[in-house]
Structures are given as structure tokens and as C-alpha cells.
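In what comes next, chain A is part of two complexes: it sits with chain B in the first one and with chain C in the second one.
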Partner chain A sequence: MMNPKTQNKVAIGTLYGIAGLVVLILMALLGYILVSGLPQLSWHFLTAPAKAFLKGGGVGIQLYNSFYLLILAMLISFPIALGAAIYLYEYAKDNWVTTTIRTAIEILSSLPSVVVGLFGFLFFVVKLNLGFSILSGAFALTFFNLPLLTRSIEDSLRTIDTTQREGGLALGLSRWETVTRVILPAAVPSILTGVILSAGRVFGEAAALIYTAGQSAPALDFTDWNPFNISSPLNPMRPAETLAVHIWKINSEGIMPDAKAISSGSSAVLVLAILLFNFAARYLGKRLYKRLTSA
Partner chain B sequence: MKTTEQLEHQLKRHSKAAKLEIWGKFISFSALLLIVAVVVAIIGFVASKGLATFFSNHVSLWDFLSGKSWNPGVTDAHGKPEVGALPMIVGSFLITVLSAIVATPFAIGTAVFMNEISPNKGAKILQPVTELLVGIPSVVYGFIGLSVVVPVTRAIFGGSGFGILSGTCVLFVMILPTVTSMSVDALRAVPRYYREASLALGATQWQTIYKVVLRAATPGMMTAVVFGMARAFGEALAVQMVIGNAALMPGSLVDPASTLTSVLTTGIGNTVMGSLQNNALWSLALVLLLMSLVFNLIIRLIGRKGRLQ
Partner chain C sequence: MSKEILTTQDLHLYYGEKEALKGINLNFEAKGITALIGPSGCGKSTYLRTLNRMNDLIPNVTITGTIKFKGQNLYAPSADTVQIRKEIGMVFQQPNPFPFSIYDNVIYGLRIAGEKNKEKLDAVVEKSLRQAAVWDEVKDHLHESALALSGGQQQRVCIARVLAVSPEIILLDEPTSALDPVSSSQIETTLLNLRHDYTIITVTHNLQQASRIADRTAFFMNGELVEVDQTKNIFMNPAEKQTEDYISGRFG
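After this line comes the complex of A and B, so read on.
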């Protein structure tokens, strides 16, 4: 039996070792992504269309598709999540109906994204005949995003003091008016942080998209902004491979000669985008909080 | 001069605010119902498709769960289609359990370091790094697995390098940040006076951590690990890229194998809707869905037990 003091030293030394190793692994991972990816980045890489069989393609269309899908998915999921969160936190009584609903949301959040994607494929692509399209993809991403966004908005509502609600009600406002005029403005900074963080998740999602938004990126005409034209970037009915799907596809097909370089570059773009989302969430959250609350 | 009806109407009608209130409540409730409807629809659709293998194609459930050859287009010597899903089920479980076994000590060790030993360094270095890594897309993990882990495995163990071992390595790094940050939350929930009481009794820091803090945080830690396992089980692309995609019983950790998710991602686009090949894939999706429900249930049970203590 070791003396407790030696034991203490050994154990704490081991913990230092483990933590150091983990930092090393995580740093190596980030370092690898950035070191192998950053040299690939150039204006040409970020804007040129991909080439399937030749070297020197870019990821312009995929990058655009990623952002377009992200915005559409957010436009669809935000109002729904906001409404659901408001009802759950401000109206719902603590009974079995609420418990069941909460369980359903939890189940949705724990579903593997590939299952959500397959459902999207079955329902939107096949049953509703939307085909492999941005719209199908945006709906699949919405399902994937809804539970987490709802939870994060609900958490934001929870941070607002009950006295604010009592104040609103005491002034004779209805509950709904209290929520929209008093609670929501106060919760905007933290809601925004949650939205941006979930945007990062949506941006990198691929499994839910390969069978909904499709795996092809038809050429786009960036001068044609009529959403009804097939080559218009705004057309929601065209198939749209995103950046994350592109990485998966060129690596599993193995026909693109510079697949590795393109994937490295794309991975770096994805990671930089996530970094940017994280920083933006923190910065904007703080900034808005200062402005809106005069704190 | 107002008639009584007019007056009654005037008094009984809803005010503008009351109307708005009813509308608001109705709209926000509809949004909530929509989410529930989505969950019901997903489970309903996947179940109806997945069960078709057994009800319309008359494959026996036992053959599906215990059969070792997966080739739904081909019939075996007895004229039955070869839809044995055991290799994929074993692959999925093996990869999940192995990655959780490797990740748990690292995750808990790091969490303890961050929260108990050096909160300063934890907050400055580890916290932001883990937060960032939780958000890294799974295809990026898959790509790194493909370009780093697979060649290294190939160099050390020979063969193709694809297989359960590479998959485990990728999933280990992938679930590590998730499990770590959830473990940190569990440790944070342990009240400060537990530690103070233990130290005041003369326990060393390690004794306090081991005998008090970790014991108190066990339910939360277990939730974190199960959560990581659920994520590993459902992960599709990162695993599919490094596992080799051979629907065979894994003979060793470095042989190409497959998981439920990897077969789904590669197969669903190459089969015709409504055919047996396609239905069999949906059955795999159903297994995946049921497993995620099971993980959910386990997390709930742990939560309930943890609260009772």
C-alpha cells in the first residue's frame, strides 16, 4: 500500500499526463487540418467550379451551396424552434403532455443524422417528388437542427429573470405581449449565440444531405438571379452538393486526381468557418448584450 | 341607444390583446406540435419501410439478426434471400464499445484535470479547444482518418489499413471532446462543500477526487459516456470512409468490415425503392433507430437513478 501522499503525487502526475496527451492529440488534429489545408486555399480554389477528372478544380459552387442551404435551413427552422421554445417555457403546464413532447424532442435530437437524411429522402425526395434538391436538403437539415435549436432558445428564455415576466403581467400586458415585448428583446443576445453555434453544426453536416440535397453540383450562372431558372444560384429545386458532402464524395469515389489536396483545402475551409462561427457567436452575443441592456 | 344584444356583444368579445394572446399561444403550440409530428413521422416511416422486409418479403427476423452473409440480391441454397445483418450489427457494436472504452479514461482524466487540478489552464487551453472540436464536421474526421490513420495502420499491421481499428481511432478522437465537455459539466455540478468537507477531514487531493467527487459525479459521467456511445453508433460518414465496407464478419480488428451506417450510406442510392434489397437496408435503418431509442432510455434511467441518491 502506497503512502497517501505518494499516491496523491502519482495520481495527479498521471492526470497531468492524460490531459497533456489529450491536448497533444487535439492540437495535432487541428494543426494537421490547418497545415495541410491552408496552403491549398486561394481565390481560385474558393471560387472555381470543381473538375471531376482533372486537377486544379475549385469548390466555388459547393461553398455557395453550403451557405445557401444553411440560410434556407435556418429560415425554416428558426421560427419553428422559437415558437416551440416559447410554448414549452412560457405556456406549457407541467403534465404528461409536456413530458411526452419533451421526450419526443430528445428522441429527435439523439437520432443519427443518417436516419434523418434517409427519412428526408423517403418523404421529400420520393413521396413529395421534390427530387434531389436544395429544398429537400433544407428540410432534412431543419429536422436535424430543430431539437437543438429549440433547446438552446429555451435555455435562453430561462436565463431571463422571472421578475421581468411578473413586471410585464403587472403592467397589464397579456402573456404573449410580455413574451414578445419584454422577454424576447432581453433574450436576443443569447438566442443569437445559440443560433450561430447551431449554424456551425448545420454547415458541416453531410450525412443528412447525401440523399436529400444530392451529390452533384450542376454549373451555376452567377448572373442569373431568377429563382425559376435552372442554372440560377437561387433556384431551390436544383441538386446541390455542399462542401462537406464534396469531401466525402471525392474521397469515396477516388477518381479525382487531386482529391487529397482538394479535401485538405475544403476541410480547412470548414474548420475555419466553424472557428468564425464560434468567435462571431461570442463577440456578437457580448456586443448585443451591451447595447440592448445598457449594462 | 344600444340594444341589450349589442351591449352583451361588446362586453363579451375578446379585447385586441386577448385575441393576440390566443393567436400567439396557438401559433407557438402549432410549432411544437410540428416537431412532435416530425418525430412520429420519422419513426413511422422508417418502421413501416423496415418492417416490410419481414412482412412483405417474409424474411424471418431471426435470419436477419443472426445471418452472417449479407447479399440481399442473391438467394442461398434454400432459396431464401441472404439478408444476414449480423456482420453489420457486430461491426457497429464493436466499434462503439471499443471507442468508448478508449475514450472514457482520457475524457474523464481530462475533465478532472480541467475542473479539479488546474482550472486555470483548463479554462484557458482545454475548454476552447474541446468546444471547437465538438463542432468539427464528421467528414473532416473521416478525411483525416483516411489520410493519416489508415496509412499508419497499414504500415504497422499490414493489410489494407481499413477496418475496425481505424474506425475506432477516428471515433475515439471524435467522441473525446463530447464526452470530455459533458464530464466537465457533471463535475461542475458537484457542490463545492463536498470537496471542502473531504479536504477538511485530512484527505489528499487525489483521495478527495477519487472517493468523493468522482463518486458524486458518477451518474453524470455515465450519461456522458452513453451519449458518446450513441454518437459513435450513429456516426455514418467518418466511419464509412475508414472501415473498408466489406459486409463480412470481422475476423480481426484490421480486416475490412462494415457497420449499419456504412452499409446504409453506400447502399441506399444503388437499390430500387420497394425491392427486397432496398427494404433490407431500411431494416438496418430501423435497427439504428431502435438502438438510438435504447441509448436514450439508458440515459433517462441513469438520470432517474442519479436523482434518487
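After this line comes the complex of A and C, so read on.
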């Protein structure tokens, strides 16, 4: 029988060990991706279009597609998620309807993304006849993102103390005014953090996009900003392979001679972008909180 | 009796099945301070929160009886809670300034009501903060965060925030119980300055506080109003045995 003090030490030691292991795995992964990927990066790699059979292709279009798709998906999912979260947390009474909605959100959030992708394929691509397009992809990503974002915004609202709501109402503000003028401003920094973090997940999503946004990246003409032209970067009806899908595709059927290098480079870009999102989320959240709370 | 601004008749309140207020009859005259005292769980805070319908926020609450503010039934189906709370403001136990600047805190109610005139807003900020006896301490930091203030200053800013929407009645739910003694006495001074212009109803656990500031005191126990009278009478010469026991700390 160990004495409590030794027990404590052993327990702490074990926990440190586990935490250390997690950090180590992350470091090893990041290290491997960056060490093999960073040397591939160049301005040419980041901007040039991909080549199907020859070496020397880049990921310019895929990178652009990733961002465009991300922005579209966020534009669609954020207002819905915000509304759902406000309804669920500020208005909904605790009854079976609310419970059903919550359960639905929970299940939706644990749906494997490949299932979301196949659903998107059958519904948006085939049934609604949107084809392999940015729009189909954005809708699929919305399905993927909506539950996570709703939960994260709800959590942000939860961090605002009830006394703030009472304070607003006691001043003669309506429920809606209290939500929009007191609660939301106070929650903005943490909502923003949640949005950026979920942007990171969306950015790296591949499975939901393979069957919706497609696996081809037609050449774009970056001087043509008319969204109705097929080669315009803004056209939402064109197929658009993203960076994450590109990595998947190169590794499963890439026949260009420098496939491995491109795959490593793309992975590094993807990881760097997601890291950037994470740091930006923290930084902006803190900055914004400071600004909003001290005017 | 002089003019009664707020009357409650046979007020019952149930949390689910549990009866928390058992038929309260209590009237308030305009102006002056009334203290509600009594042991924890006696229903005094619950009662206070029925007066501006803050209990509406709690699910499963049933209220019967009548509360009339200037003759109008607060619980009539047509009653407008937003309007009611503009006229019957409330200050809470925990200071709850919004996470904005002091200035924005004070004018929040007015600004949302649509007031844009900068001069008028400035004037209201100064007047309200002066009334709340915190102007001198914050006048040079009006545009800094209210969260940076001490608890006592925050609470006075919260009082100023309520004053800025010019209510007739101010409800205070143990406004000093989260504060240190110095801050508490500043709040008391503030309330004493306000008693000529507002009808103030405050819940307090602190008997000395009630005796220091209240014109009238009401003693609650087990969801009933035991007695209400001039503060002096309650403390020196209570009519009920229960009151006397509570006042003298011989609680039974």
C-alpha cells in the first residue's frame, strides 16, 4: 500500500506522461509534415495551376478554391447557426421540442463527413441538379459545419452571465434588445473565436467535398470577375477541387512524376493555414474583447 | 394615508407546487425607502421580483393576486413588461455592469430607446452618476471599461444606469451583500440621497442597514408578511412576537 503522498506523485507523473505523449505525437506529425513539405513551397507552387501528367505543377487554384468555398460555406452557415443558437439558448423553453432539436444537432455533428458528402452528392448534385460545383460543396459544408457552429455559439452565449440578461431586462429593454444589444456584443469575441476555429475544420475537410465540389480544378482566369462566366473565379457553378481534396487525389491516383513532393507541399500549406486560423482566432478574440469592453 | 403608488393584494406565488408567497398584502406610498427583511428563504426577494415581473424569466412560476402600479394591474394580459420595467427599475445583488465603458453603461437604456442627442446624453450621464454619488470617482474615466471599477463603484454605476431611464420606483435586491463595509455605506448614502425623489424598495439581510436607511420596514417569514410599520416601531416596539424574536436575534 502506497502512502497518499507517493500515490499523488505517481498519479501526477502518469498524467504528465500522458499529456507529454499527446504533445509529442502532435509535434512529430507537424514536424514530419513541415520538414517534408516546406522545401517544396515557393511562390510558383502557391500560385501556379496543377499539372495532370507533368512535373512542376502548383496548387494555386486549389488554394483559391479552398478559401472561396470556405467563405461561401461560412456565409450560408453562420446566420443559420447564429439564429439557431440564439433561439435555443435565449428563447427556447426546456421542453421536448428543444430536446429534439438538441439531439438532432448532436447527431448531425457526429455524422461522418463522408456520409454528409454522399448525401450532398445525391441531394444537391443529382436531385437539385447543381452538378459538381462550389455551391453543392458549400451546401455540404454547411451541413457539416452547422451543428458544430451552433454548439460553439451556444457555448459563447452561455458564458455571458445571467445577471447581464437581468440587467438588460430590468432597464426596460425587450428580450430581443437585450440579446442583440447586451448579450451579443459581449459574446462577439468568443463567437468570433468559434467561427475561426470551425473555419479551420471546414478548410481541411475533404470527404464531404469529393462528391460535391468535385475533383477537378478547371483553369481560372483571374482577370474575369463576372460570376456567370465559366472561367471566372467567382462562378459558383463550376467544379472546384480544394487543397484537401487535391491531397487525397494525388495520393490515390496522382500520376505526375513529382506527386509526392506536391502532396507534401500541399499538406504543409494546409497545416500552416489551419495553424494560422487557430492563432488568428486567439489573437483576434483577445483583441476584440479588450476593445469592446473598454471602448 | 397619502398617495399609494404600488399596491399588492392577496399575492400568491408558486414555484411549481411549492407556495413561496402566501397571500401578501402590502402597499407602498410614493417616495421614501422601504426595507424588506426576514430570514433566508422567507420570500422577500421573490416578492421584490414580482414587482417588476422579473419572475417571468423563471419557468414554472404561477402568480395569483393583484399588483397595481398607479392603479394599473401589472399582471393584466395587456400589461407591457418593457414599459413596466422602465418605470420600475431594479438593482441586483451582484453588481452587473455591461462589459462596456462607464458612459455607455449609464446611457444604454436611453440610447436603445433612440435618444441620439449627444448633449442630452452627456447631461444624463453626469446627472445620474452624481445622483448615484459616484461622479467624482469616475468623471475622468467615463470612457474606460466599467469592469475595471471596484465592486462598490460598479454597483453605484448600476444604480446610475437605472436612474438614467428615470424610473419612479427602484427595487434593490440585497444591493450591498456582495460589497465591503465602506462600499456598503457609500451605497446607503446614495440611497438616502435618492429617497426624496424615488420610491425605493430594498431587500436586505443587514438589520442595521434597514434601521439606518429605511423609513418603513416589512418583516417577512415563511412566505408571509408578518408585519410592516415605521422602521422605528419595528425595531423598538414590534407588534408581533416573531418580529421581536428575529430583530433581537433570538430566532425561533
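The definition used in the following text is that the second predicted complex is superposed on the first by the 268 of 295 C-alpha atoms of A that agree within 3 Å, B and C clash if a C-alpha of one lies under 4 Å from a C-alpha of the other, contacts with A are read in each partner's own complex, and residues count from 1 in each chain.
Going forward, a contact is a pair of C-beta atoms (placed from the backbone, for glycine too) under 8 Å apart; a residue touches a chain by one contact, two chains touch by 3 or more.
Only a predicted model underlies this, so the values are computations on that prediction, with no experimental measurement involved.
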item	value
Touched partner set for A:185, first chain B, second chain C, both or neither	second
First, second, both or neither for A:276, with chain B first and chain C second	neither
Chain B versus chain C as contact partner of A:201, first or second or both or neither	first
Partner chain in contact with A:14 - chain B first, chain C second, else both or neither	first
Chain B versus chain C as contact partner of A:24, first or second or both or neither	neither
Chain B versus chain C as contact partner of A:164, first or second or both or neither	second
Partner chain in contact with A:108 - chain B first, chain C second, else both or neither	first
Partner chain in contact with A:173 - chain B first, chain C second, else both or neither	both
Doubly contacted chain A residues - partners chain C and chain B	173-174, 177
Complex contact set, residues of chain C against chain A	52, 54, 57, 59, 81-87, 89-92, 94, 96-101, 103-104, 108-109, 112-113, 143-145, 147-148, 158, 161-162, 165
Chain A partner contacts - residues on chain B that touch it in the complex	17-18, 20-21, 23-25, 27-32, 34-36, 38-43, 45-46, 49, 105-106, 109-110, 112-114, 117-118, 125-126, 129-133, 135-140, 142-144, 146-148, 173, 176-177, 180, 204-207, 209-210, 230, 233-237, 240-241, 261, 264-266, 268-269, 273, 282, 285, 288-289, 292-293, 295-296
Chain B-facing residues of chain A, complex	4-5, 7-8, 11-12, 14-16, 18-19, 21-23, 25-27, 29-30, 32-33, 36, 79-84, 86-88, 90-91, 100-101, 104-108, 110-116, 118-119, 121-123, 126, 143, 146-147, 150, 173-177, 179-180, 197, 200-201, 203-207, 210-211, 244-245, 247-248, 251-252, 260, 263-264, 267, 270-271, 274-275, 277-278
Chain C contact footprint on chain A (complex, rising order)	93-94, 161, 163-174, 177, 181-182, 185-186, 292-295
